[in-house]
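Order of writing sets the labels: A, B, C and D. Residues in every chain begin at 1.
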């Protein structure tokens, strides 16, 4: 066998092992989703309400993984992906109310097979552009044929309104590398303003929910 | 065979034919959902965006069907359900933006196998309590083993924000037959107020979307 | 508050706590399904094949739970359901090949959060009527808001052919309480005969798979 | 703008228009699936049984489309795909019993918006290698934003046993370009043999179903 063949074989091995790694992150997402669905089922039956409106998930695209590793000055190896990146597997939990966000986060953090590695509360301290969301990096065990493996998952928890805002902001950011800076700044300003209206709506809805709840307890 | 047996047989027949009828409405929902998914797929590929965020559906519960027939002074027969009720099959379409609502409605109305029986635009003219939504009653053909059958479906189209408001309002209305009128009125007032904040948010988001779009066209 | 009210309240409490219990079994099913899906994902990527063709699940109907408790001479209490019954939550795994059955069973049994309570191998020793399937009773931890709870789940693992046979046999058994014993016996005999043809098919397919595999390894 | 830019723009246009075409085939699959689900729902409620066990679907991969066009001596244009290929969109219907295959086929063929372009009955006349299945090429209308478009879909209808056999045969064919012809031929012979055992099983199961049915009618 000559050198060329060796290189090709090595390439094939790398592609295969990358696919395995992505599969492992996909399975970690399955585990986190199941944990969330169990909690939502329980609340639905025990308290007649669903704290979770929707669960979405995504695995980071190869190009984004590569870019992020480069940004951190890391070689694109399996080892560096596993240890250096925290958001290859992402789960987004959309709640109806602000207090559900903190409840879901606390219930997950309390499970003895989950390790919380990091928390960032962008609801208490919104980003400058208006972004609001609760972020957790957790480690969850996944049972593969060769044994139990801890996998990292980023969980973002936010209200319907925060999610709606974020999706618009994402569309804008996506077009960032465009010259017309003036138009861009005007939209950014509008978006920041809108983020405030949305936060206000969330607080109003939370307040109404509280009132309906109290009202209910009285009667 | 005696009278008692006859009565029982008749009862069994009625139960069976009611189940058939509900199955038929369920299939009508499948057809409408497919039409909506086709439109959303097309927009997703052709214009890189999804006008529809979620599609939900429900079949009216037997008790609600019975109550509504009674309210209209109609006997609970299959015939009366088919001709007298328009919302046994219900599909709810949640859009991101107000202009998507009108686009989806127009695209459905234009399909030559759909007959629009009635339209109510509660966005242009909100209900007194603040309710906003676009309602259509359509008739859609469904192919059963015995042939093509036109079935009625109520389609409600609204934004994410309108939907969120409606779900809270529904929770409140559900507790309506409760004495503490004062608390109830206070919450109703709050909800009406909140409906305005939400409508304002929808207009802001629509405006930002328009600006991003223009911005995009320029560059 | 009088006695009648007390009785009614007690009834309501029982209904609610039964619903909670069934929800808990439903969540245990979710956990087992996720474990199976993870294994299938892994094989799909790592070995380019899916050992599992389908996963089905069911929760035992209240009437069946009641009948089984009665048969065992147990009162219909929550405690007796949890300790006395093993098949309230049922998961059925349909595999393509016989050896996949044993592999899936072994991989589950090896997971350190699963306890295998009982195994019955109706493939090695088929029932008299021809029934073939591998049964496991396992205990799996589920994380509810109040903490981790071990729940029992019955897992039945069988090939597509065994499953097909069982569904026909089930249809027949369902009509058991019918007088025409002669016809019944004739069909039972035919079914037992057919079970043998099916077992033979499974062995042939397994053999072909083995040959394709070897063939593959050689080249 | 120079020539290079023109070429690139043209390429981009082609990629986009190919994606649109594949989306259209995907929507045609949605329509056919809905038609099948409606029929299965109806039978499930009206006759308490499901003629359809599973529905699978796939869109032909770009590489396969290209190869097939080349084989037919056609240029890879959108027009040639639409007129020259019949199996870009494929739906596979898995039935429990042989007679369900013919019933499903007849019910589809009878729907006045479906045009049957071609039928091949590989059950009555199996392929030499043992392949059994009922194939239909149909044209079904799909409602896009620009109007109703007829789209071609290939529908393959077969029993569970036929499907199982075909999946094994597919695995073998996949490894065809391998030298060890001897081993290959031995497996092919085994597969052909197994196809007969499977056809026999299907006939036995069909016969038992018929007997259960009659048995039922008598009592």
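Side notes on the structure shown:
Everything below uses one rule, namely that a residue touches a chain if its C-beta (ideal position, glycine included) is under 8 Å from a C-beta of that chain, and two chains touch if they have at least 3 such contacts.
Keep in mind the model is a prediction, meaning the values are calculated, not measured.
Ranking every chain by how far its Cα centroid lies from the centroid of subunit B, the top place goes to C. The distance from the centre of subunit B to the centre of subunit C, each centre being the mean of the chain's C-alpha atoms, comes to 38 Å. Chain geometry summary: the mean Cα position of subunit A and that of subunit B are 31 Å apart. A separation of 34 Å divides the Cα centre of subunit A from that of subunit C. Along subunit B, no residue makes contact with two or more other chains.
The touch graph of the protein chains shown is a ring with every node of degree two.
Annotation, chain-chain contacts: A-B, A-C, B-D, C-D (touch as defined at the top).
Chain contact summary for the complex, subunit A toward subunit C: residues 19-20, 23-24, 26-27, 30-31, 34-35, 37-39, 41-46, 107, 111-113, 142-145, 148. Subunit D contributes residues 54, 96, 160-161, 164-165, 167-168, 171-172, 175, 178-180, 183-184, 186-187, 190-191, 193-194, 197-198, 200-201, 204-205, 207-209, 211-212, 214-216, 218-219 to its touches with subunit C in the complex.
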